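Please find the structures below.
In the two assemblies presented below, chain A is common to both, partnered first by chain B and then by chain C.
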Partner chain A sequence: MITLQAAVTGALVGGLYALMAAGLSATWGVLRVINLAHFGLILIGAYLTYQVATSWGLDPIATLLVSAPALFVAGALLQGAYDRLGVAGFNSLLMSFGLLIVIIQIATNIWTADFQRIAPELNRYATGGLPLGRLILPTPALIAFSFAVVLIGGGYIALQRTFVGRGMRAFAEDRNVAAAFGIDHRRLGLLLGGLSGVSAAVAGMVFALSNSITPTTPYEWFGTVFAVVILGGVGNLLGTLVAGVGIGVLSGLVSVIWSPSTEPFMLFLAVILALLLRPQGLFRTAGAQ
Partner chain B sequence: MRTKVLAVFVVAALAATTAACSKKDDGGTTSTPLVVGSTLSLTGAFAATGIIHKVAGEAFIARLNANGGLLGRQVEWKVLDDQSDTAKVGQLYEQLISQDKVDAILGPYATPNILATMAVAERHGLVLPHHTAVLAPQLTYKCQFPGWSIGPTPNQFIPNLLFDALATLPQPPKKIAVLTSQSGSAAFVTNGFGNDKTGLLTIAAQRGIEVVVNAPYPPTISDWGSIAAQVAGAKPDLVINNGLGVDTVNALTAMKQLGYRPPMTFSLFPAPGPLLGLGADSAGVLSVSIFEPNAPLISKAGADAQAIIDDYKSRATTAKIPYTAFETQAAASWNAWQILAASIKGAGKVDHKAMCDWLHANPVDTTFSGRLTFDASKNNFWAPTLGIKQIQNGQWVMVWPSDRAAGTLTGPTAS
Partner chain C sequence: MSALGPMGRGLLGLLGTAVVLAMLGIFSEDLGLSQYLLVLVATILFWTTQATSWNLLSGFAGYFSFGQGAYVAVGAYSTAVLTGRHGVNFLYSIPVGAALGGLLALLIGMVAFRLRGLRGEIFALLTLAVPFILAAYARITDWVDGGQGTTIPLPNYPEWIADFQHLMFLLNLAVATLAVGLALGVHRSRLGRGLAAIHDAEDAAEVLGVPTFRYKMMAIVLGGVLGGAGGAIFALQIGFVAVESVFNLTIPLFVIIMSVLGGRTHWLGPVIGATLIVTLQDRLAAGGLSAWSAIIFGGLLALLVVAASDGLYSRVRANPWPTLGAGVGVAAVVLVTGTVETVTALLYGMLAATAVAIGAGLLRPARASAASASDASTMDDEALPRPTPVPASEGPLVACEGVSRYFGGVRALEDVSLTVDRGEIVGLVGANGSGKTTLVNLLCGAMRPTRGTIRIGGRPTAGTAAHRIAHAGVARTYQIPKPFASMTVHDNVAMAVMFGRDNARLPVARRVAARHLATVGLSRLADAYPSTLNLHQRQLLEMARAIAADPTVLLLDEALAGLSPAEIDDAVTVIRSIHDSGISIVIVEHLLRVVRGLATRVVVLDHGSVIADGEPAAVLSDPAVVAAYLGRQRA
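What follows is the complex of A and B.
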């Protein structure tokens, strides 16, 4: 039962990993921008949740009314700047890492380097759990998983069935041909950057539900989130969700069967093996999915 | 004419320089400041604690200067931000010593940074008082002086301190879960240090306490769900989290999500504020401390203590530190500054060999840890004043040992 509980909790927490990875994967796959500043946007999303919930007494989930539009604008502006400066590929990795450090410093100046956490009386989700037979589904992880399914599932459907989505897929396949068919890559880039910002807002909110926030937290996310992006296939949203859940389950099982300290070893061993066997990612077919 | 003007100018410049170097104030003291140099982690991973040491140090210097400074000189503190980057620390101390020519140095925050500084201090033969390095076997430089001591074998001292305290309860814990951060600042308490493998696990076995969960975890752990499931399944009498920062907060939160609350919890080096922030969910949690601002302890610390604590609180509030209580970190900082000041006063000059010798030969009276003596054969680690504190009525209260307690240790908290 303990093993099953750990696997179920891990699967739900995988939703958070997928939420964090979705925006990064999409901009990488479609726009060829490896945007490490995305981690900074998630951090700002977490702090906005904390700040708005604390200052205005708003329900933490409702803080998305503030953080989602704010980070949509931030994400779009960021992508606009990358586009105008012609930043892509390896350059984007370096530049966005610098931006991440700037964001972390700004967060330090505003919220200090100390741990910040939404007070228990303002956060009814933090310690809740939904019983399911003998299992318990931790509320924050369940919320993370639900948002991941809705957002990533919605994003996948939008990519498949809307004109804008098809435009993004075409752009990811071949920029020049897509442009010849009238696809405005700048507008698409702004939209995708903005939506990526919204995913960061949601991921940040979910993280803040049950965790303390400190400006250097993003560094702790790097390994797992990149593993999710790579395993899921760069640009593949559904793959991101499946990889997030898979990594969550793997982490939970390894932690219980062996030891939590072996979790990073097993996780990255799995990533290395997966890349050796399927270098394109476990689920990637081609372009943005 | 030009020669005369030039001569007057040179004489005036020399006079001004001389005056600047040896001007006497009304009290007959020289006005050349005595400069202490150090780095602190003001940004990066250690910044939350680094800022505590900055505020405490500024409060100490203000107080020192208000009382005439050192050797009749006002004291200035040149503090550089090491960005929590151990690789930068040694270089910055070299800069402080070789380029800025500071008169004395004080250690940075966090054990890895202090160890990096120790090498520089030893090379230059400088006295190095420091706040927070407690791994005595690693601190071998004879002129390093700790402001916080867990004795020469902290890996044995902390488990014994905890189990001694718990043994006084009507029903001491028999089954424990041990969650250990694989950080160099915490793992030694569980597993021992170096060749000395005595630690919490072996000491628990010696005392007949059963370890039902032994879960080492990486410092970057983000999913506590699986650990929580193991602990909830094993139902120990006590959860010992030899971790740092908010590890215990995250562990307790994950357990609560599964509908479980351990009867008792010990947290090794937590950030004190966030644990209190859990409210009723953290009632009864135990940790270690060298000082808590509890009324009996303040009273015991002497007449100045309350004023120091109030001043610190005011400065910490201004610096936007969320938890403004003057506790272990600030007390360790105060100790380190008092050790430095005492060595300079005792030697009667800024001569580091004389200062080091003086500290080995004389005790230092500190406000918050009492009289300290430094024995080079024990790497200068003085008899520990570390005690056990417990969250009671929303506050940290010292509960052990009895001669330094401000409250009574309480047993299991109802789930």
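What follows is the complex of A and C.
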């Protein structure tokens, strides 16, 4: 029973991993930008939720009204800069590492290095849950999962059905051919960067609902999130969702069967397995550039 | 010119610098040098060790690591556990730290470099995860840390060392000298050449005979050893080792910035970077701007990627006098007119020099080509090693028996048997996707067959690395040329001589290379860089490099694709002369005119199977071949 509960909770928490990974995976897959600064955007999203909820007494989910547009602009500007400077692939990893450090230091200067958490009286989502038979679906995890399904599912449908989405897929397949057929990579990049900014806002909000925030928190996400991105297949949104849930179940089970402290090792193992089993999942396009 | 080579001069300069620094340190009180300066230089030396350790793999071979903190932490915890908890003399914990750092590097390398198709980005992400895993382990493991941290008592030291800071200075100096000396040795050796080739084009390096896996392992382990030794001393310096103090992203950030700023391809680069960054950080702290230093350094890294990714060393090298002049001038002016400290003046000098070096590079981005005119052709040709005589064994040079290769469900090759005999030119033809390039990849060892055996000179190649197959006498060219971009045309070919069957040293290899360049008609471009060559010239460079490996069999993979008719005729002449020198050739080609003219035998592949093998004229008029090649409608 405890095991089943852990698996279900883990699956729901996996929604948060998927949310964090989705934006990263999309810009990596389509624009060839490995944007470590995305973790910084998630951090800023979490802090914005904390700040707006605390200062204005707004419902934590409603803080998205502030953080989503702000991070849309930030994400778009970031992609615009990468595109303008012609930074992609390995250089983007390096450059965004520098930017991540900058963002974390700015967050430290504003919010200090102490742990910050939304006060319980302002946050009605932190506790409680939805009973399902003898199982309980914890509210924050349920929220994470619902947002992940809506956002990632919506993104997937948009990619399949809309004109812009087809453009992005074409661009991911072969950027030169796509450009030759009149796809404007600059606008596409701005839009995709902005949308991944929005996903960062949502991921940050969900994280802030049930966790304390400190500027160095993003480092703890690295392992899990990259495992999700790679397992799911770079640029593959539905894959990200599946991988996120899978890893959530894995860490949930590991924490009850062994102990929570073994979790990082299992995740590290997951990364290595991801690399061993799915190296071809990286960069689906091959051949001439 | 002195009798010493560049390596000897470098080592002499390094040792001289180290001795002078040691003397200045030991007698600093008598010379009136401040303790503050001693600590600053010790910090520079610590970071020089770390940046150099990082640079061995990540700079020379191009596999960027975000995991430098892991080596520092392993070293630091060696001191914490041995010296801090069990009272072992620190002189023992430093080598233990070095050994454990090396061991960790070995493990990382064993996992990472065994992965097929490992990309630089994936290696970087993998190394990013390592320190966090180790941190989690340290936090929950009581005999290592357990979350409380460890205090390290002040170490004992001999009387001739004035105080603790002097001890730290001397220890850091010793390890930094060792690190830079090693980097210099690597840079000037076969290992360094091989790592540079891996950096430029790893696949091509492997099939030319560079043992890429072994070289990468050597670089990563050396880096781990140095990082661990530096970390063990770092623990003494900080006096209290806790998870937060040794596992943080400052270490990878700093070593990456230092090496990128200084220059990754030269051993001196990290030294320059460490000096500049540590001084800058020190001045920022003195100016009360500590909270901004991470922002400044993070921003600097982002900026460097865009503006000067090749680093200061090569920029200074290109404009030594203006740079030096600006540096010394500004430092002197600030020192004379201002009321600032000496270190601040020095920093201004360094920043001015940096600005001039980067600015000059931006204004004049064209690469100054190496001017040393090669007089290799006038050298005594008789002194050069002759091609290794082909062992007069019986039987075919290359033999495939029932070879199949599947990619997932795709059957690229199915039950292929063929031989290549001495003196032949085998034309390998077939429609696109018929498996020609896969066959070439199998023959040169870049891929392994799913089933079947391949024999080179009678010996089965199962489980043999591609560079060993190169040594057995198989060389290849790539349809899309893969030159070593950081080396001249001449050195591209010399690389192949060095790592081919002759195992020649660089000066000899350069002379042999000149002969091969003459064979393909590229002598006048010997000092050019590959980026300035056109496709035809790059293909000729591919051929020169391949024959420089001294093969018995040369695999030409669509070496004529995309060439103009005149260029094709030229290339055909070159191929003939290569064949006349005694090398058997397998040529993959679509142009039947060329195949008919050159080949002594033709093998036709269709959907992964051999459908014809024999005399060119007979095979090419075979109705089945015509059907497979031209399409069934026209047959």
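Here is the rule we use: the second predicted complex is superposed on the first by the 277 of 289 C-alpha atoms of A that agree within 3 Å, B and C clash if a C-alpha of one lies under 4 Å from a C-alpha of the other, contacts with A are read in each partner's own complex, and residues count from 1 in each chain.
Here, a contact is a pair of C-beta atoms (placed from the backbone, for glycine too) under 8 Å apart; a residue touches a chain by one contact, two chains touch by 3 or more.
This one's a predicted model, so the numbers in the text were calculated from it and none came from an experiment.
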Practice problem: In the superposition on chain A, see if there is space for chain B and chain C together, and answer fit or clash. | Solution: clash
Quiz item: Of the partners chain B and chain C, which touch A:139 in the superposed model: first, second, both, neither?
Solution: first
Quiz item: Taking the superposition as given, does A:15 touch the first partner, chain B, the second, chain C, both, or neither?
Solution: neither
Practice problem: Once the structures are superposed on A, label A:87 by its partner contacts, choosing first (chain B), second (chain C), both or neither. | Solution: second
Quiz item: When the two structures are overlaid on chain A, which partner does A:220 contact: first (chain B), second (chain C), both, or neither?
Solution: both
Quiz prompt | First (chain B), second (chain C), both or neither touched by A:105 | solution = both
Exercise. Check the residue A:251 against both partner chains and state whether it touches chain B (first), chain C (second), both, or neither.
Key: first
Practice problem: Considering only the touch criterion stated at the top, classify A:119 as touching first (chain B), second (chain C), both, or neither. | Solution: first
Exercise. Have a look at where A:95 lands relative to chain B and chain C in the superposition and call it first, second, both or neither.
Key: second
Quiz item: Of the two partner chains, chain B (first) and chain C (second), which one does A:75 touch, if any: first, second, both, or neither?
Solution: neither
Quiz item: Which partner, once the models are overlaid, touches more of chain A's residues, chain C or chain B?
Solution: B
Quiz item: Following superposition on the C-alpha atoms of chain A, which segment of chain C from the set 7-15, 151-159, 223-231 or 439-447 overlaps chain B?
Solution: 151-159
Self-check item: Common interface positions of chain A, toward chain B and toward chain C
Solution: 105, 108, 216, 219-220, 223, 261, 264
Quiz item: In the complex of these two chains, what residues of chain A are touching chain C?
Solution: 34, 85, 87, 89-91, 93-102, 104-106, 108-109, 216, 219-220, 222-223, 226, 230, 261, 264-265, 268, 271-272, 275-276, 279-280, 282, 288
Self-check item: chain A to chain B touching residues, read off their complex
Solution: 1-2, 5-6, 9-10, 12-13, 105, 108, 112-117, 119-121, 126-129, 131, 136, 138-141, 210-212, 214-216, 219-221, 223-224, 248, 251-253, 255-256, 259-261, 263-264
Practice problem: Would you pull the chain C residues touching chain A in the complex into a rising list? | Solution: 64, 66, 111, 115-122, 124-126, 128-129, 132-133, 136-137, 139-140, 248-249, 253, 256-257, 260, 291-292, 294-295, 297-303, 305-306, 309, 480
Practice problem: Provide the residue numbers of chain B that touch chain A in the complex, in ascending order. | Solution: 43-45, 47-48, 50-51, 84, 182, 215-218, 220-223, 225-230, 232-233, 245-246, 249-250, 253-254, 256-259, 271, 273-274, 277-279, 281, 320-323
